[in-house]
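First the structure, which I've put down as structure tokens, then a few questions once you've had a look.
Letters A, B, C and D mark the chains in the order given here, with residues in each chain numbered from 1 onward.
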Amino acid sequence: MVTRRILAVGLIGYNFMGKAHSNAWRQAPRFFNLPVNVRLKTICGRNRAAVKKAAAKLGWENAQTDWRRVIDDSEIDVVDICTPNDTHCEIAIAAAQAGKAILCEKPLARNVDEAERMLHAVKKARVVNMVCHNYRRIPAIVLAKRLIERGDLGECIFHFRARYAQDWIVDPNFPLVWRLRSNIAGSGALGDIFSHIVDLARYLVGEFREICGATDTFVKQRPLKKNRRVKGKVTVDDAVTMIGRFKNGALASLEATRFAPGRKNSITLESTAAPARYFLILKK
Amino acid sequence: MVTRRILAVGLIGYNFMGKAHSNAWRQAPRFFNLPVNVRLKTICGRNRAAVKKAAAKLGWENAQTDWRRVIDDSEIDVVDICTPNDTHCEIAIAAAQAGKAILCEKPLARNVDEAERMLHAVKKARVVNMVCHNYRRIPAIVLAKRLIERGDLGECIFHFRARYAQDWIVDPNFPLVWRLRSNIAGSGALGDIFSHIVDLARYLVGEFREICGATDTFVKQRPLKKNRRVKGKVTVDDAVTMIGRFKNGALASLEATRFAPGRKNSITLESTAAPARYFLILKK
Amino acid sequence: MVTRRILAVGLIGYNFMGKAHSNAWRQAPRFFNLPVNVRLKTICGRNRAAVKKAAAKLGWENAQTDWRRVIDDSEIDVVDICTPNDTHCEIAIAAAQAGKAILCEKPLARNVDEAERMLHAVKKARVVNMVCHNYRRIPAIVLAKRLIERGDLGECIFHFRARYAQDWIVDPNFPLVWRLRSNIAGSGALGDIFSHIVDLARYLVGEFREICGATDTFVKQRPLKKNRRVKGKVTVDDAVTMIGRFKNGALASLEATRFAPGRKNSITLESTAAPARYFLILKK
Amino acid sequence: MVTRRILAVGLIGYNFMGKAHSNAWRQAPRFFNLPVNVRLKTICGRNRAAVKKAAAKLGWENAQTDWRRVIDDSEIDVVDICTPNDTHCEIAIAAAQAGKAILCEKPLARNVDEAERMLHAVKKARVVNMVCHNYRRIPAIVLAKRLIERGDLGECIFHFRARYAQDWIVDPNFPLVWRLRSNIAGSGALGDIFSHIVDLARYLVGEFREICGATDTFVKQRPLKKNRRVKGKVTVDDAVTMIGRFKNGALASLEATRFAPGRKNSITLESTAAPARYFLILKK
């Protein structure tokens, strides 16, 4: 019997995405024949009580409050970054310098400068790295990619349309959380959900030749805390809409919004091609 | 018993739209309580045999081959223009000068200059006039307009999206008909079907503050006649896509295409507003 | 030039179906190349003022209050019966005896006895006759019929499902109109709308080998007139549901209801076959 | 800190449902705040190599080939039965006699006699027991149940419709697996998937007053093994269709089929009520 290598993971962040990634690390070996075993070694967060509770609940061996300790841990092979956007750059560069494989949640960074520094660091360190554009691997996209590569949709793609719609901030009294602050999040719907469909557009159809886009912030002031009277300025976009032309001649129409009442997390993709008709994916 | 006035109509054009307008003039008094009676007096077209046949089939009293005779007929009250786009301007101006009420199919003209001359003529002549943006009157749009005016959709409209999709020229061997020639049609999907959804956007949501659009011609050469080898250049757009911002702050995403395989004549409108959800209209 | 024969029509009934049939007689020659011309000669109804108004509005030459006069009119070729169900039998038999071609609205009769007497009369008189199962001729059904006959759906049909749903009597205060009275209507949803989908099932799939059905009347008493306190008994079914087995082995599942809130006039047909998948028709 | 009780599970069966139940036992404590901890102690199956592999892959401590050993294990609290239907009765009765809590996959038994003996055994032993009608707990059904109990759908339910459709045996060369043999499975679509929607009908709407149903077997002979020429008789139903009347007066229309090409695992429920409209759940 062959002994398989064990991959030890350190996860930075234990909230929304931290829970989702914990689940993925725990379940992957149960559903797929992986070449390695996975060890959920350390989960890290700033609040000691909360991260300890998360470790127990989500199945991690250790809880840690300082992400530098995770990077300093020589047993850890992979650093998985699920923290707010303003910390991605620093953590990723440190992890690269420590020679760790890096998985970083999207949006990769708050701006192009941060992203380029991160890219430079992983290239220099020659470490395995990945931005978490997970929709590429859902079965419908895998199939769409294969159909396009095989030419089953036809020689020409005429149109590619995508929309990502949520509604969690439609209420003007929803508070000014970190995702609505530019200094932490970098951008709003643009980085959070538009980034997914831009990635899918490039993955499925190819690079853009030219684009034109617009963003808007429909609710400009929000309560600092829920039901509090003091308001602060929303400094990110609520919605983004874009048209473009791909290098292969197809026209693009992309849109992401957090102001689509009734849509919890809805992604729609449609491509018009000949002689095939179109493909359509709807998630609610 | 009151004698109602009779409205005598002269229809220029007897093909696709000529048939549709004949039906409308014939049926309107059977379904609605009109303040006047309608007389289908003269239908006009260049081919004598064809227009005579159309007159018999569609229920017109007379067939005529020269549109100037229709305009010269003092009994005719309304001139209804259903001809190819390159003739709209001349006919409409002559009809205005003759004091006729004018109904003109869209696109109104091949370019802004023609449109402005037509507008000047009807204003100067003070005649009743209308561009045939008929979708304003379909029940779903009438209801949407009322909901918006009443504020039933909420105080804010966030998004307005519209798509008009057809597929009649997807086949690259479809011939170079007049609708694909710029000198006659002026434009392609832009004037023919995009004009409808631009009109609906302005009717329902209001004026645009700024826009950005792109057009494309996917099949650049087509046979001069069906199954013929000689090809000519397609000089209009096959598709148009546009984003914009309305004066009231809503974002727009509009698209029209003749390259949507499987869509014969499909219009989709969607508006996202709060607290109401959205309205959606689908026609196939 | 050939002179075409003129078909003179006498229409009994001027309300809901009378209007629809008037439209059909008026429009057919404008859209189809008929071998005859159609003359809208006489429309007939019991209320003199109303039938005169209908004649003017709908385009009939004469208004008549006694249907026997229509049958006695030797110029009339076709008698079109659009009256309440309790009069179908008597009018149709008299029309047959007078040698008229007969078009009768569904349900043909209130019961099997009436239907058999009508059938006997038209057979004996050898007159052209038709029950108005008009859905057979809508394009989607014509296509479905052709696909099935060609074997394009496959050798075996496994399931045939149909539902006809309306909601016009969901309100328990909707009054006890004639369609809800057994002595006039014969039955409720059963004859009025279930008859359409039973006809389509037999037309598309074939004869039934065995069936089992149930009906129900959800609102058992209704006001005699709108907003009046005095109530009367509803003596017809509000809904009918049925399963069955066709002679060719397919299973049937059919349902009609007037208690489907939100469905104005919705017909759904679905057939499961191999190797083809299914066809689906939705009307709202 | 309170020490929570540990619940030790013994799972009989390691294939389709065995994998699903392994996942559920593994994940439940990660997503819900359970009053106990869960221990995946023993997984059991007849093939030693396969069950050992399953234990490693799915995360069980021990692999066992004799289910009686699982029941004899005094540490095991819960026996989870995921075996073919012909073994449910014997295992469940033995587990009850051993005082285990029992979770048994549906259909509970091959026939009423077996089911009654099982029921008698758990009642006599007073053990916790449950048939795995898991759809009751999906969020849409939980919400539907709450809406109905609160009266939010209105006082009267008129119609309840459900369909469960699969297509995995449409191919007539699909082999005669145990699910198609009456002596092992008891029934076909009836017990396997119709049982789910009958359960949901009773859970959501209430007990039936009367029913009428039909089953059919479309493909009567199948290869004993894939691509083998020797055929055996299919002894279960391929599809079942049913109408009924609930005690509360609503009409039922239920159907389950393994012959719905294109439907992998599709459940549709619809209820018509007043004044609310309807609810609709679609799974593909």
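Criterion: a contact is a pair of C-beta atoms (placed from the backbone, for glycine too) under 8 Å apart; a residue touches a chain by one contact, two chains touch by 3 or more.
Remember, predicted model here, so these are calculated numbers, not experimental data.
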{"item": "Magnitude of the superposing rotation for subunit C and subunit D (Cα, nearest 5°)", "value": "180"}
{"item": "Label of the chain whose CA centroid is most distant from the centroid of subunit D", "value": "B"}
{"item": "Identified repeat of the B-C interface (over half of residue pairs identical), from A-B, C-D or A-D", "value": "A-D"}
{"item": "Classification of the subunit A:subunit D interface as same or different, half of numbers criterion", "value": "same"}
{"item": "Interchain centroid distance [CA atoms averaged], subunit C/subunit D, Å", "value": "45"}
{"item": "Distance from subunit D to subunit A - Cα centre to Cα centre, in angstrom", "value": "37"}
{"item": "Distance between chain centroids, defined by C-alpha means - subunit B, subunit D (Å)", "value": "58"}
{"item": "Per-residue overlap in subunit D, given as positions that touch at least 2 other chains", "value": "none"}
{"item": "Those chain pairs that satisfy the touch definition", "value": "A-B, A-D, B-C, C-D"}
{"item": "Complex contact set, residues of subunit A against subunit B", "value": "156, 158-159, 161, 165, 170, 212-214, 216, 218, 238-239, 241-245, 249, 251-253, 255, 257, 259-262, 272-278"}
{"item": "In the complex, subunit D residues that touch subunit A", "value": "22-23, 26-27, 29-30, 57-59"}
